[in-house]
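Two complexes, one shared chain (chain A), two partners (chain B, chain C).
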Partner chain A sequence: MTPSEKTATMAHATRVPWLTLRRKEAFEAWLFVSPTLIGFIIFFLGPLIAVGLYSLTEWNLLSQESTFVGVENFRDALTVNPDFWLVVRNSALFALGLVPMNMALALTLALALSRPFFGVVFFRTIFFAPVITSAVAWAIVWKFLLQGEAGAVNQLLASIGIDGPNWLREPDWAMFAVIVTRVIKMVGLNMILYIAALQAIPRDYEQAAQLEGASRWQIFHMVIWPLLAPTTLIIMVITTIGSFKVFDHIYLMTGGGPENGTLVLAYYIYQQGFEFFNVGYASALAIIMFVIVLALTIVQLILRQKGSG
Partner chain B sequence: MTSLALSNLAKSFGPVKVIRDIDLTIEDGEFVVFVGPSGCGKSTLLRMIAGLEDITSGDLMIGERRMNEVSASKRGVAMVFQSYALYPHLTVRRNMGFGLKVRKMPATDIKQRVDDASATLKLDALMDRYPRELSGGQRQRVAIGRAIVGNPDVFLFDEPLSNLDAELRVHMRAEISALHGRLGNTMIYVTHDQIEAMTLADRIVVLRDGRIEQVGTPRELYARPANVFVAQFIGSPKMNVCAAGSLATQLEGVDFDLKAATQIGIRPEHLKIVPPDDGLLQGRVIVSEYTGAGSLLHIEVEGAGTFLVVQEGQAGAEKGERIGLSFSSENMHLFDGSDFAI
Partner chain C sequence: MFRTKITAAALLGASFLVSPAVAQELRFTVWTGNDAHLSMLNSIGDSFKASHPDVTVTFETIPAGDYIQKLTFQLAGGTPPDLGWMFENSMPTFVKAGVLDELTPTLAATDGYDLEDFSKPAMALWSKDDAVYGVPFSTSPFMMFFNKDMFDAAGLEDPLTLADKGEWDMAKFREVSAALAAANEGKWGFEFKDGQGYDSRIMHAIMPPIRVYGGNAFAGGECGFEKPEAVAAVTQLHEMIFKDGSIVPPGEQGDFFSGSSAMTINQISRASKMPDAGFNWGIAPLPTGPAGASPVIGQAGLVVFSKSKNPELAKEFIAHMTNAENVAVMAQFFPPARKSVLDSEAFTNANALIPAAQMANVKAAISDGQVLPSHERTPQIEAAMKPRFDALWKADANVEEALKAVCAAIQSEL
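Presenting the complex of A and B:
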C-alpha cells in the first residue's frame, strides 16, 4: 500500500457514518413511544380534531345533512340555550358537593387505616371494593335502597322516626343522593392514595413532634397535613375533573331528572348527540367541556409547580 | 440533678425479648454511649428512655421520678434522630422553634431561645433555609439545635453521625464532644461504631442480644474487657483470640502464667514483628494491607489460625514472608471456657 492509499483509507475510516449513536438512540426512542403515539393519534387526537370540525357544523344524524355554521353552536350554547347554564350549574354543584365530601372521607379513612392493626386489610378491602364494582350494579342496588317508602334507607330512617324523602324523585334531594352514592363508590380510590402518602411520611417526624410536646391535633395539622399537600392537590384536581366528567352514575340513577335537577354536562352531551342526534351541537358542548377540564388540569400543573418550588 | 436509673428494664415484642434485665445508673452530666452490633437493642433501649417505646417490665427513673408511664414530652428529654427528622416544609428557624411553639411560648421568647442556640451552633446564616437546602453536616447541627432550644435535662442521640461521610463524621464528633463540655447535660448516645464510642464516652455500655455485656470507661473496656465479645468489639483492628492449647507447643519453655485459661487474646497493636528465630510465635504473612502510617498484616500462625498485626512504619512485611511474633505477657488477655476474662 502506497502512502497516498494509506491516507485515503484512514480518511475513509474516520468519516462519520449516517447512523450515528445519536440518531440510533433517537430512532430507538421513537420506536419505543410509537405504540402509545399511534394509539394517541387514532383514539384521542383524531376524534378531538373530528369533534372540533363537527362543532362548526349543524349536523343531524337522522337526516345526514351537514351544514357549516361557524361558531353558531357555541353561541347557541353560551348565550341562547338556557339549559346549558343550568347544566353547568348542576355540574359545578355536583363537583362542589362531591369533592370536599370525598376528600374529607378519604382522608379520615386513610388516617384510620394507614397503620397496621388486626383486620386492617379487611377494612381497606371493604372501602375499596365499590371502586371496582360495576357502576351498573352499584346504581341498581342504590336505586332500590333509595326508593320512596319501600326503600331500605327510608325504612331505616322510619325506624328512628324520620320520614325520609323520595330521594331520587324529588328535585331538592336527587342531587344530594347521587353525590353521596358517588362518594361512597369512589372514596376508596382516594383513600388508597392518601394511605400511600401517609405511609411515605417517615414516622420520625411524628415522633420528633411527639417528643417536643405536640398534641395529636398539632402533629396532624402542623406536620402531617402540610406533608400531604402534594397528594391533596393531586386528589383534589383528579376528583374535580372526574366529577365534571361524570356520566354513568347520572345515566343509571336519575337520567338527569327529576326536572333536570341532576342534568350534568357529560350526560347533556350524550342526550344532545345520541338521543336528539344533534351531533354538531353536542360536539360544541364537548369542546366546551374539554376546555373546562383542560383549564382545571392547567391549574393543577401551576399549583404543583408552585408547591414544588 | 438529672441522673437516670434503669432497674431490671425489659422489653418484648410479643414473645421476642429484645431488652433483658438492664440495670444501669447514669450520673448527672455524664456522657454515656450505648454500643453494640446491629440488632443488639441499643436503639430500642434509647427509645424506651425517650418514651417512644413502652417498657414491658422494670423501672426507669429520670431524676427522682419514675417515668414508665410518663408521656415522651414530659420526660425532659430531647432526641436527635438518625434521619435528623427535620420537618421538610419548615425553615431552619421554624424547625428549631417548633417545640416551643406547640408549648405556646411567646414568640419573642422563642426567637431569643432559637437565636441563642443558632449562635452556639453557628447556624445564623442558615436560619431561613429549608432542610433540603442544607448539607448533611448542617442538617445535623440543626437537629442538635432543635434539641438544645427545648433546654432538656437529658439529650438522646440515635446514631446521629451514621449518614455523614468519614471526614464530616470526625468533625461532628468533635463538635458534639465540645457541646457536651459547654452544656454539661446528661447525654446518651447510641452508635455501632466503637471508635465513636471510645472518643466520645465518659462511660461505654456494650450491649449484645439485649443484655449489657460490660459497662466502663473506654480505657477500662480496652485494657480489661470482661469477656471475649467485648475484647473483640472494642479496639480496631479487633483482638486476636485463639485457643490456649493451640499455642502450647510454641510457648513451651516461656515463663507465662496462663492460669486456667482456655483462650488467649492479644491485640494486633501489641504484637511485634521480629526475625523468625527470635519470635515467641512463628508464622507466614498471607495478606499485607498498606494503611499509610503502617501496614495491617494477616499472619497464619501454625496451629493457631490467622493473627492480625499492626506494623508501624513504611517497611511492611511482604506477602509470603516468614516472620516471628513477640509480645509481652502483660498485654495478654486470658479467658476461660465460658469466654469470661480471668
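Presenting the complex of A and C:
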C-alpha cells in the first residue's frame, strides 16, 4: 500500500456516516408526526391559504368567473355593507349571551356533580346527553316546543299565568331562545371539563381552609376558583370560538330571522358563499371572522397571564 | 398453417373494426327519491337504447334542499352531471351564469318533436332571446286543497261547489275561512303552502292573492309590492291572520294534512299524501278576485350542462324524454306542458286519486297559469325581502309601509 493509498483509507475510515443517531431520531420523529402534519396541511393550512387568496377576488362559484380585486371585498364589508356590522353585532350579542351563561351553568353543575353520591352518574349522563344528540333533531324539537300559543313552553308558562312571547318570531326573543337552547345543548361538555378540573384539586387545600375557619363561599372564592383558572381560560376560549362559529342552530331554528335578528357571521358567510355564490366575498368575511376570533383568544390569554402575574 | 394464421389475424382485425361503439353513460341529476318516479325515469332511460343501444342513463338523486348547492359544487369541482332537473326559480341564475347549453338546434332537428306543442307561456322561463335552454317536464298548478269533512260539519258549501256556482272569490274565501276557524277551536281555516308562508314560501303565500287583485311582484325592473292592488291583497291576508284568526299565524303549526287546517294551497303531487289523511277531501281552483282568475303554476325543467362530457348525447336524450309519447308517460306524476298531451283524455284520467271533474280544473289552470316571478338575482332578492316581510307579519304592522320597505330593500337588486 502506497502512502497515498494509506491516507485515503484512513480518511474513509474516519468519515462520519450520513445517517447519524441524531438524524435517525429526527427522521423517526417526522415519520411519527407526518400523518397529523399531512392532514393539517391538506385540510387546514391549504384551505386557509386558499381562502386568503380567494378573498382577494370577485369569484362567482357558479359561472366560475374570477377577477382579482385586491382588498375591495374587505373594504366593502367594513365600510359599505350595512348588513356586515349588523351581523357582527348579532354575533357579539350571541357570544356575550352564550359564553357567561354556559360557563356559569357548567360550573354550577360541575360543583353539584363532582362529588360522588347515589345517582351522580345518572345526572351527569342526563346533562351530557344533549351534547351527543343530533343538532338537527335538537333544533327541530325546540322549534316545535317554542311555537307561539300552541307551543309546549308557552302552554307551560300559561299554566302559571305568564303570557309567553312568540319566541322565534320576535327578533330579541328569537336571539334569547337560540342562545338558551344552544346553552342547554352544549353545557354538558364544559361541565365535564370542570368536573375533571375539580376532581384534580387536592382535598387537602379545602380541608386546610376549613380548619382555618373559611366559609364555603370563601373556600370557593379563594381556593377553588383560582385553581380552576387554567380550565376556565380553556373553556372560555373554546366556548367563545364555538359561539362565533354557530351555524346549525341558526340555520334550523330561525334562518337568520326574524328581521335579521339572528343573522350571525357564520350564517352570513354561508349565505354569501352558497346561496349567492359570491365565494370571494364569503372568503373575505371568513378571514375577518378568523381575525376576530384570533384577537379575542389573544386578549383572553393576555388577561390570563396578567391575572396569574 | 401459415394461411390459417393469416386468416385468423384478418378475422380478429375485422372483429375490431365491426365491434360496437364504446359504451357511454349519461349522468342525470334529479331531486326525487320516490321509487315510482325513479322506476318511470329508468324505463324512459331504457327506451332510449332503441335508438342509442350503447348509452346508459343513470339517474342520481340529490335531495331538493341541497340540490342547487351540490349541483354547483359538482359544476365548480369539475365533476358535472351531463343533464338534470332544474328549479324554475334557479333557471334565470343558471342561464345568466352561462353554465347551460342551448337545446334549440337539437330539438329542431329531432324528427316529429314539434316544439310548438309547448305553449309560449310554458316555455317563457326556459328560453332567452328565442334560444331554448330547458324543457319543462312538470307544469303543476297550485290548487286549493280542502277538508270536506270540516266544511260539512260547519254547514258550509265547499270551494269546489262554490267555484262551480261562480261564487269562489277572495271575499268568500275570507268568509268561509273565518267560519271554519270559529267552528273548530284550536284549528284554522287556511294554511299557507307547507306551512312555510312566512319563511321559504313567501311568494307562494302572497302572489296568488296579489295577482287576482290585479297586482304583481316585480316586472321590468319595477317593484309592484307597494302598488294599491298588492297592498289590498296583502291587507286581506294580514286581516285574516290577525283579525279573523282564520289563517295559521307566524310561529304556529297548523298542518292541513293532519287536519289542523281546513284548506291549503298546494300542487297536485301532494294528493299522494291524502289517502293517509283520514278525512274526505277535494281540490278546487284558487279563488278569483277583482281582476278575475289568475292561476299560478310551478314548473321544473330539464337542462344540459355546458361542462357535460357528452353534451350532444344529453340533448338528444332530452329530446327523447320530452317527446309526446314520454310526456304522456310522465303525466301520471308530472302535469305536462305539451298541449297535445294536456288535451288528451288520458291526462284527465291519469291521476288515480283525483276525479276527472277535478282534473279538468287542473287542466284549465295549466292552460291559463303563470309561473311565479323569477329573476337572475332571485336568491339576493328573497334574502333582501325576508326581513321586511318578517316586520309585516305582526299584528300591529302597517301593511302599506311594510310593503314600501320591501320595495326599498329589493329595488337595487331588480
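As a working rule, the second predicted complex is superposed on the first by the 283 of 309 C-alpha atoms of A that agree within 3 Å, B and C clash if a C-alpha of one lies under 4 Å from a C-alpha of the other, contacts with A are read in each partner's own complex, and residues count from 1 in each chain.
Here is the rule we use: a contact is a pair of C-beta atoms (placed from the backbone, for glycine too) under 8 Å apart; a residue touches a chain by one contact, two chains touch by 3 or more.
Just so we're clear, the structure is a prediction, and the values are computed from it rather than from any experiment.
Room for both chain B and chain C is found when the two structures are superposed via chain A, with no clash between them.
In the superposed model, A:Met101 lies in contact with neither chain B nor chain C.
Between the Cα centres of chain B and chain C, as seen from that of chain A, there is an angle of 150°, stated in steps of 10.
In the superposition on chain A, the chain among chain B and chain C reaching more residues of chain A is C. Of the two partner chains placed around the shared chain by superposition, chain C is the only one that A:Pro258 touches, whereas chain B remains out of contact.
With both structures placed on the common chain, the touch criterion links A:Trp167 to chain C but leaves chain B unconnected.
Applying the stated contact rule after C-alpha superposition, one finds that A:Gly213 touches chain B and leaves chain C untouched. In the superposition on chain A, A:Pro202 makes contact with chain B only, while chain C stays out of contact range. Remark: least CA distance from chain B to chain C after fitting both complexes onto chain A is 52 Å.
Overlaid on A, the two complexes show chain B and chain C touching no common residue of chain A. Interface of chain A with chain B (complex): residues 202, 204-205, 207-215, 218, 222-223, 226-227, 229. Residues 69, 72, 75-76, 93-94, 96-99, 186, 198-200, 249-253, 379-380, 383, 386-387, 390-391, 393 of chain C touch chain A in their complex.
Those residues of chain A that touch chain C in the complex are listed here as 60-64, 144, 147-151, 166-169, 255-260, 271, 274-277. Residues 50-52, 72-74, 77-79, 81, 83, 85, 87-89, 98-99, 102-103, 146, 150 of chain B touch chain A in their complex.
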